[in-house]
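Down below is the structure, laid out as structure tokens.
Chain naming follows the written order as A, B, C and D, and within any one chain the residues start at number 1.
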């Protein structure tokens, strides 16, 4: 109870400061303070049993919290740089709203509130895309908003169906709390349940951005500033994966795991393959990250779909992907500022022009494509193992996709980071505030790879247990 | 003690045979041409004359220029160590010696061609290119022959190939060994740049192969090359003789006589071939060699059947 | 209210769908959607028992669906100087034909689904599917952003049919359906903002197709 | 213990320059090299002690991942591969004192260079001794990446950047295949390290072929087997010379190491595996040397020779595999021993060639051999060392290249006599080796003759001097080792036959013994040579007069440009292989009575790489078209995707 009051107090205080404050800096500090508070809160929630949340939620919560902390820390430096160009009142407000609703979504224990919080959190991101206030950003915002709304409608329809499926068998308790759905597995009509799964899957997957529901991604990620791209590619995707995993849980409980798995594998593979061929000759380094995001969504879907050790890999990969995407987007943001451009026609030799951000960018890229000994390698390797245990053809397609991804993505990234920089003078210099958080993200991922803390390992294992199909 | 005397005598015989053979070829050609021809020992006189001259070097040359003639002298001589001659066993014999035998000639080729290129003459470059191409083409033929011999005689030494088992092998695989003999003859002609593959007596640099490579060698260097060439010819001739005359009387003297006659006989045959055939076009040499390769492959198919 | 009345009214909804598909002026389409919303709100209001809460909800929905959103849309067209043409990507006749097909498809699908006996005699489910698909088809077949908002409103009407008629007992879900309308408002804001940003440049206002590969 | 010392020293060689390179650049280079050499020496001592004790040591490292604990294992095969790593990396380090001095190359890039060099060495060392799969993969990937950074260390060179890109995509594709392979081994067979997998994988199970093919692909890319060698020529050509030596001498052998390790997992081998490997070996051997002859870029040429030599090695491995599947012990023994011996040999003479090529490139700033000529006059030592390397790589006696090829030949001939099975591979192998040998000889006559002999074609030689001692010393050392291994090949006999046991899992009835006879024959040869050469030199030393021009058909010798060019020298042989080449030349049309200045060019290139690049380009164009098609900017279409996905899923669920 005290905790709740404290939370409300912090939130209202911070919102108040944001609304009243006159300087961008103060708002940025406020958001960072909220992030610190949130981090503390997550640690507390992880260790205690105040709220009865399962390991899956805990995993996503800690992922989100670390990511958010890093991003807001970067935000301090970031907003102080553009002190006079943009007012960050709306953006910081959205950031607060996002984290509040994302957290609520993570700890929600029924389907409807989860849906509401998820949608609110993702809608809170729209001002982030619009931040630069130009023609491109408005179009990207529009597309994001509209496609997400379609997803929202479809997910809503799915929930209506699931409640109807409860009604139709005359269940006594038709509320959509997880405990109810997961325990009384036979209180649903299977046909309606499956249809509702389809609608909800499409609805939530629109937010994760699996192919062919990915269309907003390339636009949104490429127009928004890197710092917000980090939040969206790392944060929004993670929480929407949580929603999808809840779906998987529901279907597992209903004994329909085969269906879920085949759907996930299908979407996973086509996402990976589509993303891989989309990366060729892509000059825009942010767009290529968007496609990489699609690819990694596909990888996670595949991991969840193939089951076994793949689930472990997928969960671990959600964590790695969030941090790495966060790190690389921030680094890309720095590079973009240093050059004033975002295509490799202009960006060359980033590791010479801005050595630290450039190197971080390159290393983050290597981590993203699964270079050992980063944690992402282990998650990827686990997913490969899972897929090989499942079927050889699928795993070969998967490996082919990974190779193509490297070919396409590598070209752009290496071009951008190596070579001789052009002399574009933008006055940007790396400061510790600008590169500390990607560095920290990379270090965390590296540490997870080399020696994973037992507590984290246990968390992952518990989360796997939640998701495993008990056929 | 007897061994050393033996060896020295054999080697001397080898030298004499080499010089004689060259003379015999010239004599046979002269006979076919209706001339009297130079004396059989003419080559020796030439060598003595050359040795007395001084060594004139082009200013572009380097020490590589000496390596060619030197090896040209040493390698054929050393190669003879591996060969059984008449009923005399070879000086060196071990499993796989035939490979060393073949590759020593490779080493020789490396240095003769290099020393040709050392002069910066474009004629010698031309000769080098041709020599390399043709020797590359006969390499597989040689190895096919070696495979056949190894399989036929079930041994892995040159002594084994031409030594005690050869008679039995002839009885089993007479056709195939016939092919081998033909192949060896072709190899002999190509390696020693005889007609129809090359004309050592031509005067036009553009058409030469081997001769083009020694244009700038003079005096003792040329003598080394000529003597080396003669020895090389004799080494191949000994190979053929060992193969064609498989039977041994068991008496050293007769065997030696037969072998000497055989080696000189090869010289006569080559002389006859040179007299009755014209030099082949450069382009058709490749075809002939490829054809020989295919023929030799038939031999392999037959023997492994 | 008996099943045949409901069916008649729902048929009217389907006809409105067809009408929107065929209309070539934006304002007409907006008005038709508004009418559809009002009809559905009335239908839901009269098919349930009379409660205070229900009445308040009814008033809110009618005002939003029938007046606020359509008026906002009309205002936006005028504010942004949007041409009245629909700018079809797929022609009017093919769209209508596809829509008719979707109606058949909806009926076909609905026959296969298990329903409560009370719902089996009405055509709620097929009309829901038809309206949903009509909205989608309008979004797909028309180029302008504003027509896509209209399509979205149609989809939303479809959801309203489902939420109010089928799962009346889960009222909470039905209520939050209203939230979707807020989104529609946001869209309209977006169109206006786009107008502001493009007034200084030449370009196709309201098409929003410049971000591509 | 000594091994740890060696690792620390090599590590120090990379890191220590950071502390004082800025103040004392020359000393820091030398210090770093000294560290590296000390490390290598202690490592080599360790290796020799281990070899003589014949023990296999295994250590667990305190690093635990979810896929097993990191562990290292020193077995005989690791030892064999450790030797070239130590030797060549130390040589490259030494060579770099002159080749990459901090003073002239710039501080930061030199620091990076030294750092990468030492880490590259380090991870190769760890790779070879890694037992755990994950540790192996980590080392493998880091080694590959460091190689990439070494190739592209010259940021101002676009050529090396694009070559690096080609390399990194190739190598990463290989790594991904290896991920797949190790994943299969872990999931389906439950092995987490090499030592448990060796000899324990039953080939009759499913996935055995998948393991083999993935392994062949993954390791084959690194080794540069046909047709996966496409990255190799460019990468070797544009890397710094000391790095090319390491890449070609050591790194690509890691691919072979992997292949041999993977094959040794299996108890028995299906016939087609051996045939496949053997066939690929023959093709890469022949094509490698053919393309090498066509090349005029000396480093590319050497790179193609790496492909050729890898081909020879792979022929040996293929023979061993065929021997295993046909139960022919001779083929196993001689095939594998020959392959392994050739690995060592190639890792000696290829760096030697690269170093001496580098010594030329350093002076003339071009890699095109048709610009060289007459270099033996100004750089006699470089020429001598290059000559030794050339003779060795052509497989000519008395150098080591011949010894290993001889072993392979001997194995094939022996199995020819002993059994009736596997005759075809034996014949094919013999013919392929003979063809490769003939072509390699032609190629190196070309290179050596054109670049070192004759007259300079385009370059002024007057103010060029022999390279400095740090560049010459590595060449000298390697030349000596080449010679020693060539003349006394029996020193490795024991080592090789022990490794074959690892591969075969059971004792073999035959022994490698004939190698002493070879040394005996050489002794005869050398004494004869010394005798005759001595006599001749003594007799004729006064008769040498060097004062005339080259014979030019009784005309005065003209321009040095009338010399034979590499293209013309190779033209005749290339005519036989024109179907494998992509040639490009201008019209040969000389008009008029008085011929004006005329230029003719002929470029012959690798048709396979050309084909691959063309197809990839076409694929890329197609792929970007798909992207444009899908991502077309129309929101309606995007909604259509969602709609379609919905409908398809509904249909899927409905059925």
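Here are a few things to note about the model shown:
Operating definition for what follows: a contact is a pair of C-beta atoms (placed from the backbone, for glycine too) under 8 Å apart; a residue touches a chain by one contact, two chains touch by 3 or more.
Since we're looking at a predicted model, the values are computed, not measured.
Distance from chain B peaks, on a Cα-centroid basis, for C. Compare each chain's C-alpha centroid with the centroid of every protein C-alpha atom shown, and the nearest one belongs to D.
Taking B-D and C-D together, the chain pair joined by more C-beta contacts is B-D. The mean-CA centres of chain A and chain B are about 78 angstrom from one another, to the nearest whole unit. In whole angstrom, the spacing between the mean C-alpha positions of chain B and chain D is 36. Chain D has its Cα centroid 68 Å from the Cα centroid of chain C. Chain geometry summary: the mean Cα position of chain B and that of chain C are 98 Å apart. Among all residues of chain B, none touch two or more other chains. The set of chain D residues touching two or more other chains comprises 624, 627, 631, 635, 639, 650. Multi-chain contact residues, meaning those touching two or more other chains, occur in chain C at positions 139, 145, 148, 208, 210-211, 213. Chain pairs that touch one another are A-C, A-D, B-D, C-D.
Contact residues on chain C toward chain A in their complex (touch as defined above): 113-116, 132, 139, 145, 148, 152, 155-156, 159, 162-163, 166-167, 169-170, 172-173, 176-177, 179-180, 183, 186-187, 190, 193-194, 197-198, 201, 203, 208, 210-211, 213. Chain C makes touch with chain D in their complex at residues 89, 109, 112, 136, 139-143, 145, 148, 208-213.
Contact residues on chain D toward chain A in their complex (touch as defined above): 63-67, 134, 137-138, 141-142, 145, 152, 155-156, 158, 161, 164-165, 168-169, 172-173, 176-177, 179-180, 182-184, 186-188, 207, 210, 620, 623-624, 626-627, 630-631, 635, 638-639, 641-642, 644-646, 649-650, 652-653. Contacts from chain A toward chain C in the complex involve residues 112, 116, 123, 126, 133-136, 138-143, 145-146, 149-150, 152-153, 156-157, 159-160, 163-164, 167-168, 174, 189, 191-192, 195, 218-219, 222-223, 278. Touching chain C in their complex are the following residues of chain D: 624, 627-628, 631-637, 639-640, 643, 650, 654.
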